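Labels run A, B, C and D following the written order; every chain starts at residue 1.
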Amino acid sequence: MLGQQLFNGVLLGATFALVALGFNLVVGAMDRLNFALGETAMVSAVVGAVLMETGLPFAVAFLAAIATGGLLAVIVYVASFRYVSDRFPTASILSSLGMGLVLTAVVVKVFGSDQRSVPDVLAGVDLDLGLFRVSGAQLVIIVLAALMTVGLYVFLDRTVWGTAIRGVSDDPTMVALLGVPVQRVILLTFTLSGVLAGAAGLLTGLAYHSVSPFDGFTSTLTALMVIVLGGLGSVTGGVIAALVIGVLQTLTVAYLSATLRDLIVFVLVGIVLLVRPQGLFGRNAGVLERV
Amino acid sequence: MLRGGRAAVVLAAALALTACGGGGEPGGGEPGGGVYRIGVVTSSTGPFAANHTTMVAGAEYAVKVLNENGGINGNKVELVTVDGQNNPTSLATLIPQLATRDQVYAIVGPVDSAGCEIACATANKLEVPIVSPGAGRPGVLANSRPYGFTLAQPDAANSTAVLSKAIRDLGFTTAAIITDEANATTKAQADLFTQIFADTGVQVVQRATFASGDSSFASQITSIAAADPDVLALAAGPDDAGRIAREARSQKLRATFLGTGALQSGGSAYVAAGGEATEGTIAAAQYDPHSSNPVAAPLLEKAQADTGQADIPLNFAYAFDAVNMVATLIKEKNLAPDGTDIANARRQIQEGLNAMDRYVGMADVTTFAEDGTAERPQLRSVVQGGKFVIDKSAS
Amino acid sequence: MSPLAELLRVTAVTKRFQGVEALADIDLAVQEGTVHGVVGPNGAGKTTLLNVMSGYVRPDAGRIELAGRDITRLTPQLRVPLGLVRTFQNIRLYGGLTVLENVLLGQHTRARTGLRSLWPFPTPQERALRAEAEAALELFELAPYRSRRAAELPYGLQKQLEMARAMAARPRVLLLDEPAAGMTTDGRHALVERLHELRGQGLTIVVVEHDMDVIAKVCDHVTVLNFGRTLTEGPPAVVLAGDEVRTAYLGT
Amino acid sequence: MSPYAEAVLLQVGINVLLALGYWIAVSTGKYSFGHAAFMAIGAYAASMLTLNFAWPLPVAMLVAAVVAAVAGAVIGWMALRLSLLYLAIITFIFGQLVELLFAQWDYVGGATGMIGMTGTTLTLVYSSIAVVVVYLVLLTRSRLGLAYAAIREDERAATASGLRITRIAVGAFAASAAVTGVAGALAAHQLMIITPSLFGPQQALLIILYCVLGGVQYFWGAAVGAIVLSVLPIWFEWLNDWYMIVYGLLFVVLMIVRPQGLIGRSERSGGGPLLRRLRRDGAVAVEREREPVG
């Protein structure tokens, strides 16, 4: 049973990782937090679920979900980042929180506030791997999440645009001087973050069997804990922290109590903030020590 | 920097402005043509939005029927609907608004326990009778007596006998309980199941917990599947219960699902969330949409014909009855329309509700107990063909 | 000439940024009542040295002493009440606050600033500080602008205000980071006069500056840095005429 | 006065108190995204005392203020040492943590909350506002208020003036939490019931919006914002249906057009987006030069 529980945890962590990656990409590009990313994931999941209900194959629904995520992230960028003055560092946070409210409210207006059931995929599949069993939905989740994470690494590492994103994240002034179109790189970063969030939204929906208009907030909260634990802006740290939190939550639920699930993560994050504020894997992420 | 004196003046002026605006005198009854106003408290968002929509439809339908039959003593009945948006803070002003500005004789709603706690307590303080067509959490009316009522019977009173009998009938010997720990109602359900299993000699082989709304349930079901119980008791809200059912079936759990009356009253949400996995679920029930009661049956049939629904939902029938209870009392006590002597009228309605014995309406027989909760029929229901149906053979 | 007291002493300070040595084993002693210049080409480590002295950069090795007290581990804000006050190369004012408020903030460490400052009737001490702030505005020719927002002032006046704010802390050592940068010729003359005046009042000044003319006119002692090392030091007349400085600035 | 008018005035008053409390934190430039947590702490602390120990409400309010202030100081001390992004994250998470803890604490009724508190009167609410207004008037004229403004304007300059930034900001945060806690206590005793979910993210956002709409420059701007936003949905009932969307869009539009709020001096025009972008690049570069000190 432990094997199965560990697998459950990794699965949960994999979906957390995708949203956290989305957050970290934006932090890297602009030193800003996009608080509407959780809602972006939620809307993408709703779109995916609606398409699946109409009988379209999962692949189509998944593509539609990531396209929705990317599009929404661009809209949020335009509304909450592009024209918001940087003299007010929290303005973008407030604005994106506002966008989050709007996205939730629009979904409630259109589809009502009930949870929406997400149909199963590969319902017949049930792999017995000895230590644990994998259902069809779980197989889809783990494979797609892994593909997207690895894909992101390859993209950032091997392509021109990926290099440009890393460049903007390291030193925007310098890459601007080198002739890199910073605006377009930032737009691309937002799109990517939305794509990741969109994928995370639908995959989480698969794991939970449903999506609710109010899920966005939970995703945001989890992602924030992941990036604090992993280090603000650290891609690798985010992935590892997501898996740690996923496994920790699952084991807590299995062997202790569901009420302790969030509490244990809060405590872990609190300790990390006190002892190592830059996160387990972070660089010196804007940590100012003062009297 | 600001010079403080001026700031204080501006602030005071702004506050005074609000006082004038917000403090407008109550409107009183409209001139001419007698009207009895009844307030309805709904919530267009939040987890119980669907139930509220059903409730409003029931109340509106009741008023339509009443007015078609000449109203009460020739005076029309009118609903004043306010929307609390699932936000307790707005309830704190909406109830006084109904009481003062709209001069309602009584209030119907909200259906959810959390909303009722605030709305009913506020109405009670203002001495306005309020009937919730659905709040069933134990102690929900603790602060709302004598003016607060609910048409639902709390689970413990309603479900124990039904579920115990079902367990004996079906010969279950082992059980697991999954509980939403972040919710007082479901925690109470879990205690109820524990008690029932103890009484019927069923061994509880596994307990799992979760916190409302945001979990995949994979972990809990893995633990339960390892214990392989005959029956899985769902101490969960209907949405969560549906997802638990799906996760359980996807992990090949064979147990029968068991729920309290609360699961049946949220039945459509449960089945919508759980799909085919919910087939065969057994739950207690206190309302039968196809009742054979001689008073209820024709009312239900007429409502089916008028609304085009095959099954009249619980909250619809409860709201219908709530409006009619108030109307009956207004008529019986011959209360004046248009908010004349409203305080006295409200007190008389309250006394009438408290004295109500075996009111028979669309939802069968209702009697209010000492604490304002209702005594209701005790039925067994089972999910068949995608909906809860009352298992008449079992009662 | 009798030996003057060493007021500020930097001993064997080293600082690396990502492996690059910005300061390598720097020693520096500032005599009380003198003006000490620090010069060197871009990237020589001048500003880093000033940051180390004022506490904005913690050195990897070495120590800083103020009047014999080790202040290496003190944060910038704790050095201010000890008398170590600085200005910035790219002026940092409270742009949204008035000119007077900027100067009042300069007095922060000398005034009662906690909850007790809420008491609406000023204490004699507070009255004295306010009067002093007004006087400082007169002295720095800012009085006509006292109620204007600092961000609205022209560049030259902003520089003046920053110095006024620094002086409001009653420093023992004033650290100036490129005070002449961006100034007109007239401005520089005024600056030189002002520095002479302050020195005349017994203030110790460390000035990091590009403008050799200013350095030559105000400094008693000059340290030349290059690649984070001390190239040479001594009286300006000697140092500035030396070959090392020319080599450092012009390359070999 | 009719119960309706009284209910409206109570609600407006409590919201004004929330806005004023939040303004204290914002006057140092520090935005909290979990201020509803301090409201919850105040509400629960006071309710425990009045319900279980029959303390008089005014005394319970004082205790609520102290407890909330301590919580504010602890969270402030953890978060205010770090960058603004961390402050946002930590306060956001803190809001959740508090909601979760109250939901699991059986002594205060868990998720069902506490019920039966009464005693909030107009006198109590408006005298609390009066006390806070007097405090704020004195504050904005004092050197402490000046220090708050300095930190908001430029932290680096403030260190050069010898301001002990963290200590000052934590103090402001604690004072802000105290006022918010009192507002929570009053809200609890007006609503008669409190549940943890009452003090969730939506409430936190409302508090921010009250303050930010009116303007963060003057405290009375925050109060006016609270009054407008509390009264609008009461006067225009249609607004109720669109409330979330309208409030959400209000944030978005406000942050583009007037991030400093409707009341207050306008910033000098910021130039085109490109100019701003360049400046932002500069700001980022400066940020990265910073080294840990101390």
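Convention: contacts are C-beta pairs under 8 Å (C-beta built on N, C-alpha and C of every residue); 3 or more make two chains touch, one makes a residue touch a chain.
Computed from a predicted model, the values in this text were never measured in an experiment.
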Pair sharing more residue contacts (C-beta pairs) when A-D is set against C-D: A-D
Could you find the chain whose CA centre sits the greatest distance from that of chain D? C
How far is the middle of chain A from the middle of chain D, if each middle is the mean of its Cα atoms, in Å? 28
Averaging only over C-alpha atoms, locate the centres of chain C and chain D and give their separation in whole Å. 39
Taking each chain's mean CA coordinate, chain A and chain B are separated, in whole Å, by 37
For the pair chain B and chain C, the C-alpha centroid-to-centroid distance in angstrom is 73
So which stretches of chain B touch two or more other chains? 1, 45, 181-182
Within chain C, the set of residues that touch 2 or more other chains is 75, 77-78, 97, 101
What parts of chain A, by residue number, touch at least two of the other chains? 108, 259, 262, 290-291
Where on chain C is chain D touching in the complex? 54-58, 73, 75-78, 80-81, 85-88, 92-97, 101, 104-106, 108-109, 111-115, 117-120, 151, 165-166, 169
Residues of chain D touching chain A in the complex: 31, 33, 78, 81-86, 88-90, 92-93, 96-97, 100-101, 104, 159, 164-167, 201, 205, 208, 212, 244-245, 247-252, 255-256, 259-260, 267, 270, 273, 276-285, 287-288, 290, 292-294
Can you list the residues on chain D that touch chain B in the complex? 1-13, 16, 103-104, 109-112, 115-116, 118, 126, 129, 133, 136-138, 140-141, 145-146, 149, 187, 190-193, 195, 197-198, 202, 218-220, 223-224, 227, 230-231, 233-235, 240-241, 243-244
Mind pulling up the chain A residues that touch chain D in the complex? 27, 30-33, 79-80, 82-95, 97-102, 104-106, 108-109, 171-173, 176, 182-183, 217, 221, 224-225, 227-228, 232, 259, 262-263, 266, 269-270, 273-274, 277, 284-291
Residue ranges of chain B touching chain D (in the complex, touch as defined): 1-5, 7-8, 10-11, 14-15, 17-19, 21-26, 44-45, 83, 85, 87-90, 92-93, 96-97, 99-101, 114, 117-118, 121-122, 125-126, 137, 142-143, 181-185, 187
